[in-house]
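Got some structures for you, see below.
Each of the next two complexes has chain A plus one more chain, namely chain B in the first and chain C in the second.
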Partner chain A sequence: MDNGLLEVNNIQVSFENKKSKLTIVDGLSFNVNKGETLCVVGESGCGKSLTSLSIMGLLPKTGKISGGQIKFKNNIISTKSEREMSKIRGNQISMIFQEPMTSLNPVLTIGKQIIETVMLHEKLNKKEARMRAIEMLRLVGISSPENRVDAYPHELSGGMRQRVMIAIALSCNPELLIADEPTTALDVTIQAQILELMKELQVKMDMGIILITHDLAVVSEVADRILVMYAGKMVEYTTREKLFANPLHPYTQGLLNCIPKLTDEDDGEDLYVIKGSVPSPDAMPAGCRFADRCPIARDLCVSNPPPIVNDDGHEVACWRYTDKWDTEEGGLKNVSESRRIEKVPS
Partner chain B sequence: MATAKANMEKNPYENMKRLSPRKRAFKQMAGRFFQNKLAVIGGVFTILLICTAILAPVLAPYDPVEQDYAKYLESPSAENWFGTDEIGRDILSRVIYGAQVSIKAGIISVGIALAIGLPIGLFSGYYRGKLDEYVVMRLTDAILAFPPLVLALALAAVLGAGLENAMLAIGIVYVPTFVRLMRAEVLSQREREYVEAAKASGIRDLKIIFLHIFPNCLGPILVQATLAIAGAIIAEASLSYLGLGTQPPTPSWGSMLSMGQGYLAEAPWIALFPGVFIFITVLSINLFGDGLRDALDPKMK
Partner chain C sequence: MARFIVRRLGLMFVILLLVSMIIFSLVHITPGDPALMMLGQEATPEALEALRERLGLNLPLYEQYLNWVGGVIQGDLGNSIKDNTPVLSILLQKLPVTIQLTVFAFVIALMIAIPAGILSATKKGTIWDYAGTSFALSGVSIPPFFLGILLIFIFSITLGWLPPSGYVEPWVDLKQSILLMIMPAIAIGIRLSAEITRMLRSSMLEVLGADYIRTAYSKGLLGKTVIVGHALRNALIPVVTIGGLQLATFFGGAVITETIFAVPGLGRLVIDGILTRDFPVVQGAVLLMAVVVVIVNFVVDILYSILDPRIKLTGGQS
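Coming up: the complex of A and B.
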């Protein structure tokens, strides 16, 4: 049985104007199955959000999918018209945004906002839609939903608003939910509740979830598979178990090292940082995009983009795992060393 | 202690249950409005004025156009509170009937401006593009480049004298203000996340424009509209003063002012009372509008 839900094949997202073309997301491939959670991890500005917007067909006007394709239930959706997409959006693919404070319309009651989405996609009358709205609010754990259905967003706390956002996103039983950093604006306890809720609903509705985050603690809790992105490219793509047990890419290793740990020995020790910063999209290096900041980079990395090595379902884009690595001189390259020093501000 | 506990057990959303959401929001807004004394005074005067205009036939002691040559240019007395004009008409009655013209002129001309300006601003701001940038914006620039009264004067002169044409002229002059304001509001609202979220749940453009964006833009528009009504009343008075608005013998504050000008030395009351009423009306509406703005947007101060 085919369990596949979303298939993204080698997509490119670029921004174009008359003078120049900037490719932000470059050659990204992944897929999501029913009932599965894919976490997309990466630094700010690496193209995570653009990837999700391109799935929704909501890229800003100047941006477009300039290569590859997106398939949803074996239909190509990356070339669909705005009109066709609006039938899929909300109905089959839903999205939760980062900011619960601003993602709700301040002048409409939350009930009205849920009812609107429900009535758009399902043949229900106003009364039934209202019942559904109340039911959805109860489902996402809002107490006395009969009363709060008439509340305005500003009368609710951040956590409640995010629950409302989830209620809106789930009101039409979507098959795929894209959550773009749904918990970053919330405090830790609420964060845990919301994630727990999403997991629960996922099981109930057999939904695929794409969770975009830069919080590795969250990832270790909820992910089935993980896609690590760096500067618009995939660097590592594998299951949660494999990634946390054996991270292959130096960037992933760096990310995992960045999490502060509380142990007896290293109190007072400096936090681990990955030196340098993400290259700007208009000046992407020719070789591996991480080479500049990579502790083990060699000549080879600076001049040639790394191939994707697939080791039993554990994909990694790094020269280190190819045969060529051994024939190359070891140690840090002088050129990249001097470049790195130049870039760090005093 | 016991009451405190009872209070805590009470459902905090109980009040919500009784009032519909719209009423509740309105109540909060009204609460803020009534804290502003000046705005309340402005509001009361505005309402009184509207009542005066509606009840003019009942309130006016005399027929406003009835001429009585036996008592021309009489100073204010018990019989004629505000005195009489050069052909013996009762000034009080004329001021009362004049309110009708002023209110009508204010509301209708601003109504025209809103009816034309808001849709243009709404679509222009939402869809942007060349039509917005090169046609709508440049056209409003061109209209805004004229001094408003001069433009209204020119339009009224072309359309011909009369209250209807004066209102149309004033309305057209106000259109670009509302196009600009609406467009600016839409531009800021369309980038908000709730619009993107609405798109993400599959809601179509037209519905987003009218259901989501439009209500969020209404605050500033409402305030600007009240202020524009005050402006339109002055504009109508000015046009009438210059003979392009209300035609005699229909009383209007502007034309009364213009008539009274010739008798300022011997009968100052002819010009004084309509002048005072224009002043009070515009001031009240402005105070009311300001109060409305503060009440609608509690963050701004």
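Coming up: the complex of A and C.
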């Protein structure tokens, strides 16, 4: 694993208070190599953002990594102290967020916000840091950066602000960039520009990218590998080619079916919808978490969590691809009747 | 910006004119005859009449007002009825004392409130937070005059650490001057301090949850830098309003506190003026306080635009 960058092993993220403990992300493993883009896909609330925050060590106060480990360049970072993490954040691992409108400090100039990062991690004086800030702004495609460097965030549009966020994130040449739905809040045309920019800079800087999104159109364009999450668990993990050519998990299949196709012959058909909704984190089913929405679920799925099946680098968490599936009696079960809910002890 | 300042100055003039009318009416509605107060109960009616004539008190009220305002505009606030010294020179003599007290109180208030507000917000739900919020609650509840008496009782009478009351000019004896100022400054400042603590705590809590704070952490900044460099300035914007309004009330609040601690400032001057029906002195002193309030508000507006670049000062519709 010479060009391995980030290795996430079986991590668990939980929120705890005196009374109860909620595990939001459960047993997630993946890795990112240099220069590679990993897309993490899933519905809102499935734990995508928490996963990325746990890599940064920026989980909210009540949350913590309660199991597994995260390795960055073969060093375990999931147990590092705040002080040690602060040397990595913004320097080796950077992050950009969903909301460019609110992610920049409104009372500081954008220049100051870039300079601050640069001076924190590199031995540059104020003048050099300012030069770097201007250079970064030019790199992310902001015109006349010499003047814009002294602008305040409210003087810029959303797309511009996201460019500034990217400039901040990349100002210290990070090896890994985590982008948490960076284009969700932007116009479609601006979305394409921002993605294009990220791609371009990735090649320039040989940077690994984790792109968190729920937009499969984006995924199909930029991903090298894809991790599909559902209710805090990995359901499918493979390369882009394999996933789009041959999605194995019923949830992934459902997601792909949800994309409306203009070429469909039967026009006027309703949009495909995955019926039901994500289980609540305090009432996770004992078996497969997707079972009660799954069109092919059997008794086996409802009562036992599925194993991860690895078919030549195509990982999927589904009973269907095990030997047990065939011994199980066929036919679909009425899942909602036999659904068993495991209550978290309170 | 220039337009804004010109507009505000014009507005200030109008406000002060209205204030002068109100002050004048209130002072003259108060029962009590200055001539009688000066000459005593045994004075002959002729002597009283002569004195009223000399002071202009027998003229119709509107004429008295116009005379007074006319003088004020030219910088003449009239003469004290009591000893005939110009009111302006009395005010200029008392003003530095009150300013000294106010600045002292303000500094003490901020020194307590800013750390207390930050601590109770960043350590929400801990003993620090409870200490901060209890301080804020009790500080707002205790009347300054009661706190003043309490302070004298504890620090002067029981412990004997501080002189109970009086005033020494700082250039005469700096140490004694500061010692004398501590208790009155605390008595006045604690209320502001409590209000700022409360405001700062809640605005800080709001700011700490903002996206740009997460961004700041994601850049690798440490807690202290994030709080002081990113959160505090945003959190201070609403606090400045309270601070400004309260600073203005210091001048009013000081009336009683100055009396308790025998500080010869504007407050004492007003009280003495009212007791002796020294109309020109009372009018002059209250007008001066009004000027201070208006100026402080003006400064607060300017401070806003410095703290928050999104606020642009303009001269109204442009």
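The rule is simple: the second predicted complex is superposed on the first by the 333 of 346 C-alpha atoms of A that agree within 3 Å, B and C clash if a C-alpha of one lies under 4 Å from a C-alpha of the other, contacts with A are read in each partner's own complex, and residues count from 1 in each chain.
Definition applied: contacts are C-beta pairs under 8 Å (C-beta built on N, C-alpha and C of every residue); 3 or more make two chains touch, one makes a residue touch a chain.
Treat the numbers as computed from the prediction; the structure is a model and nothing was measured.
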| item | value |
| --- | --- |
| Fit-or-clash call for chain B and chain C when the two complexes are aligned on chain A | clash |
| Partner chain in contact with A:86 - chain B first, chain C second, else both or neither | both |
| Touched partner set for A:246, first chain B, second chain C, both or neither | neither |
| First (chain B), second (chain C), both or neither touched by A:310 | neither |
| First, second, both or neither for A:157, with chain B first and chain C second | neither |
| Partner chain in contact with A:280 - chain B first, chain C second, else both or neither | neither |
| Contacts of A:147 with chain B and chain C, given as first, second, both or neither | first |
| Common interface positions of chain A, toward chain B and toward chain C | 56, 58, 86-91, 94-95, 97, 99, 102-108, 116-117, 120-121, 152, 165, 168-169 |
| Complex contacts: residues of chain A adjacent to chain C | 56, 58, 82-83, 86-91, 94-95, 97, 99, 102-108, 116-117, 120-121, 152, 154, 165, 168-169 |
| Touching residues on chain C, where the partner in the complex is chain A | 210-212, 214-223, 229-230, 233-234, 307-310 |
| Residues of chain B defined as touching chain A within the complex | 11, 13-14, 16-17, 20-21, 25, 192-194, 196-204, 207, 211-212, 215-216 |
| Interfacial residue positions of chain A with respect to chain B in the complex | 56, 58, 86-91, 94-95, 97-99, 102-109, 116-117, 120-121, 144, 147-148, 150-152, 165, 168-169 |
